[in-house]
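Just below sit the structures, each encoded as structure tokens.
Two complexes are shown next, each including subunit A; its partner changes from subunit B in the first to subunit C in the second.
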Partner chain A sequence: MTPQSLDTTSAPGQSRSGAGALMQLASRWRVPLTILALCALPWLLPSKALAVNVLIYGTFAVGYNLLFGYTGLLSFGHAAFFGSGAYLTGMSIVHFGANWLLALTTGITGALLLALVMGTLSIRTRGIYFSMVTLALAQLVYYTALQASSWTGGENGLRGFTVSRIDVFGLQIDFLNPLHKYYVVLIFTALALWLVSRALNSSFGAVIEAIRENEVRARACGYNVERTKLISFVLSGAICGLAGGLSALHLAIVPLDTLHYQTSGLVVMMTLLGGMGSFFGPFIGALAFLVMEDLFSLWTAHWQLFVGAIFILFVLFLPKGIWGTILGAGER
Partner chain B sequence: MQDNRTKLNAPTRRQVVGGIGLGTAATLLGMPLVARAQVEPIRIGFPTPLTGPFGAEARDQVKSAELAVKQFNDAGGLGGRKAELLVRDDKLNAGEAATRTLELIEKDKVHAVVGALSSAVQLAVNEVTRARGMIYISISQSDTINEVKDWSRFTFHEALNPHMTTAAVAKHTFKKGAKVAYLVADYAYGHEMLRGFKRAQAAVGAESVGEILHPFGAPDYSTFLPRINAMKPDILCICNFGRDQANSIKQAAEFGMKQQMKIVVPVILHNQRLAVGAEVFDGVVGGANYYWGLEETIPSAKAFNDAFRAANGGAVPTDYGAYGYTGVKSLLQAITAAGGTETDKVIAALEALKYDVAKGPQSYRKCDHQSIQSVLVLESKKKADMKNAVDLFRVAAVEQSGEAMLRTCAELGFSG
Partner chain C sequence: MDVQLIAMQLLSGAVLGAVLVMTALGFTIIFGMLGVVNFAHGALFMIGAYAGVAVAMQTGSFWWALLVAPLAVGALGLLIERFLIRPLYNRPADDPILLTFGLGYVLVEVVRIVFGNDGIPFSTPAALVGVVNLGIGYFPIYRLFVIAVVALILALLWLGLEKTRFGLIVRAGARDPQIMRVLGVDMRRLWFLVFGVGIGLTALGGVLAAPMRNVNPEMGALVLAEAFVVTVIGGLGSIVGAVVAGILVGLVVSLTSLVAPEMATISMFALMALVLLIRPQGLFGRAGA
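Let's turn to the complex of A and B:
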């Protein structure tokens, strides 16, 4: 049971235990609470650059989870949306000298259109076939970026679009300052979180969960399953595109690896680690993964061994992930 | 509350008096210890791919860089100011390298960055350091980093570049009218090396009989090698790196191709030769920035090798490892000349620097900040000729350092 389904089935006043009431209250205010917690993040983590990465990959994982955790579609091609968002944002600045906000919008729009195309082609397949089709389509995008090197920089990656100063309603912000950058990125993360939360609390959110639980029954109830899946796919793609665009602005480069299938694998891993099917779980997963990677690789060159072992332990003993387990304990 | 605020915000009278007293005492007595404790160390960030396929080369780089820092500190540092090396694993991933470099600049407040071991990764580090006015010494091969589009006033390229490497190798291996076939790894490194060789081949008057691209990290070359055999070349030029080099040469040897043609590589790698053995590499010729055997003729190489052996249980430095030493050493020499870490002064000092720390005279060219240096052409020895386990190569030629080996400033897009 996810907190959202609790929300829709019972009113807050009817809860029996105090902890349950608190959970419901927290669940209702999840977006403001999350943002409040994120405001403090730069002071809790080892570095500001890492904190910005947590926002970016957290957004990426939350967007991915909409499709994977809530709609029940395991996509292996989400690197395509993250990467195309990043490349289009960077390319708009490099080749057309676009303003950073326009560039980011282009990135999101591009990822959205790509998701529409990929979604239309893949949505009718199911299970492993869906995973394979999305993987294959994402590889097409990877090779396109590799070949079109005059546009994308090919193997060397896209460079030359460092945004050092941004102008928000006449306010000049030094984007090279890590704290300023963090809070600008946080605004976009907050918008994305709110959008996902809103979608999940709407009747659309109930329908995608119904499709995940039992597709045949959802169809029998009269829902247009294909169209709902497609909308979920496109929304997920657009949010991942936003995360990619923010990553381009953050690092001022777009490496070709962004489009590699390992990036698709990374987001699956983060989502599983944090807890699929919970609103905040993927964000926690991204946070946990990036912090572990950062700390362990400073400490030993064999960091992959430890991160891998921890991941295996989670899969074996905490299949609901970090956040899912905490939520489960709270509900009991 | 009032007390707390006073303590946090402003020094108390007692602290001020104490500080002045201590300062005066230190000055009067000339106590170097106190003075040393007050200056901050010179911090050098060092992102390098400790994990991943180039891990062996990266670890050699770290050892050499640490040696350079230790020598600087043992010699008293900069008037007592010590240097410190902050090694970070970039995982051979450009995004990771950019994040790590941001951390080094923003959190660790480094004074300069040295490192990176792939074309894409060094360009990512270059982008980050350029925007923040941070000095960066790049120690991996790239032609792109010399070009005006990626040029940064703050970046110096200590490594060789594909253009000068291939020019030197081709000059000593290609002959007029010779037929050359190319086997090329299909990524930036392979493409840049191929471009360099073809340019050099035209200058020598050799002829290309075909080129075959293979995917990066290919374990099996059996489909490519018969096609090369059919071209009947005199020279097979294999442009790839790391494990790919060992695998492709090994299979070419198994196909008996070494009897029919000479195998030439742009960069012949110490670690890969050690990994597969003398029989396989026997007779293969390639370029290098450094080989420990230089110690017979070059005093600075002898000094570097001896110090490295003493610090690492008798092991000799390798080619890519030496970049860590020459890169950090040149930076510290420039900081010494500049008398501090002030960016503009260090840049001026690096541009004016003439250094000979391991391989003979080197200097940074003004327009593109490329290190002008010698290129070695090495030939792998037969097992019978080897005097010891690390006596791997014969120095076939040394292309002396000079600007003639580089592309002109105008060709790179610099106006001045």
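Let's turn to the complex of A and C:
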């Protein structure tokens, strides 16, 4: 791993202030530090089920953040990848009796291929159109799943698969125990984080950020903007597919809403709340969103009203999100 | 017989197209003139339908609903522009999208609190109930009425934009706001008004659609996707593009439902994918825009 600081915007090389040096060190060790924090998470939260959800949605947001935060493409169709990952994982078990790992691999592969098709179409459009096209294409996937009810269960969602015991490299693990489940999911989250960190540290990572900052200049410098965007889109889709597959294994049901436009919106909100374009932000965002959901729904059935209002306030006044704002303060 | 069936299906396709044009019109105007992609469009369409239901229940008249609901929701649109959209004009283009998405989220929840989660039936106004014989078959009067209203609105828009001084300024402002500002035009006031008109038209679409669609808090999601499809096919917030695209989509959906009814909704998105492959800028969009 090359020790490059991409999380912080400070100049490379020697940092003068102690805080800056600390930030750079943290940035270099961001994958182990994030995994360490996530290892501790279930012991810090009131319920283990909440921790599993934070992990799954955090992984979803990590995948999404690669496209939105780092490449600067605002997609409103990522429910299609999360949902197709979930559906294909579930369908592999229900219809073909696949084992959990094969099912999950199928889910990721399916989401990756779907991202390749959707990406090829949506990247042809420029700027503001991109959000509209990704949303419309995701709706196409939603209605297809609704119609293909013999495969997907239609409006009732996909049911009838429960993974109670899984085999991790010869080790039998009780998957109904939420704590065991958490650490199994964490293995996959760690893999995704490592992959994203490698991608960001490579020259590919530098190019996607160049595209985000100034697409015209990146093109003028001779980079193949379309192809780079497509690779980012596909990688992002595959990670979201992984999150979807994990969610299917976790819930033992795939509701049709997994593919709904609301799910796409959910990951946008989580990513922005946490801090787009920051490495740890997606988990903070997922945690903040899920804790708010839990707290507000204790008190009112209309928790979405408050979450939506808080999101609007973030867009207006804190567009860097929670983690992005903390990082910004640390750099000064 | 077969020819008659196809002719009927073409006609109902054209009607569906008119409804889609109305669905997308407010969105297209705001997008074309202000460059703001309004993700709360579906929610405001839904609020228009609910406002129509509320006014019709209070006054007992569909005609009052048709008049009052768009004005009331248009006024709400003015408030939204003033307090939520205006602070974002100098920010990245994604920020208004994010904000209006959050706004849509909030508006849907407000409607749930006021009217409940279930759909509300909205009966066709008594004067427009029934069918009329068009020679090739029987057709619902209400749908013909919708075509007439959409044609009237389009004619008024065309007159307003092409034949008045205000329209001239709006069109010039859409092309180059900077020059207009230099020329001494208060663009902020102009955008304020255009946004209000766009939201009012969105609400009018909602009221007109209320007797044909199920009025429920969830109806906005499909409306938003439909508006996107029509705008992307038409290209660049062009009103002519939206009209042609709307009717094209209506015809395709209608003919698909003749052959394979379960594919009707899907065909609309497939058409958009096809247009993107052949002409990414849309039918009436300029390349590179």
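Everything below uses one rule, namely that the second predicted complex is superposed on the first by the 308 of 332 C-alpha atoms of A that agree within 3 Å, B and C clash if a C-alpha of one lies under 4 Å from a C-alpha of the other, contacts with A are read in each partner's own complex, and residues count from 1 in each chain.
The rule is short, and it goes like this: contacts are C-beta pairs under 8 Å (C-beta built on N, C-alpha and C of every residue); 3 or more make two chains touch, one makes a residue touch a chain.
Since the structure is predicted, the reported quantities are computational estimates derived from the model, not experimental observations.
Annotation for the three-chain superposition on subunit A: subunit B and subunit C clash.
Of the two partner chains, subunit B is the only one touched by A:Gly154; subunit C is not.
After overlaying the two complexes on the shared chain, residue contacts for A:Gln304 are found with subunit B and with subunit C alike. In the superposed model, A:Ile253 lies in contact with subunit B only, and not with subunit C.
By the document's definition of touching, neither partner reaches A:Val184: not subunit B, not subunit C. The partner of subunit A that touches more of its residues, comparing subunit B with subunit C, is C. By the touch criterion defined above, A:Ile208 reaches neither subunit B nor subunit C. When the two structures are aligned on the shared chain, A:Leu50 is found in touch with subunit B, with no touch to subunit C.
In the overlay built on the shared chain, the residue A:Ile312 is in contact with subunit C alone; subunit B does not reach it. Superposing the two complexes on chain A places one of the subunit B stretches 109-117, 163-171 or 217-225 into subunit C: stretch 217-225. The contact surfaces that subunit B and subunit C form on subunit A in the two complexes overlap at residues 304.
Subunit B contributes residues 50-51, 55, 88-89, 91, 93-95, 98-99, 102-103, 106-107, 119-120, 123-124, 126-128, 130-132, 144, 149-150, 187-188, 191 to its touches with subunit A in the complex.
Those residues of subunit C that touch subunit A in the complex are listed here as 35, 37, 39, 84, 87-88, 91, 93-95, 97-99, 101-103, 105-106, 108-110, 112-113, 221-222, 224-225, 228-229, 231-232, 262-263, 265-266, 269-270, 272-273, 276-277, 280-281, 289.
Of all residues in subunit A, only 74, 76, 121-122, 124-129, 131-133, 135-137, 139-140, 143-144, 147, 260-262, 265, 268-269, 272, 302, 304-305, 307-309, 311-312, 315-316, 319 touch subunit C in the complex they form.
Note for the complex: subunit A touches subunit B at residues 46-50, 53, 154-157, 159-160, 162, 164, 176, 178, 247, 251-253, 255-258, 297-298, 301, 303-304.
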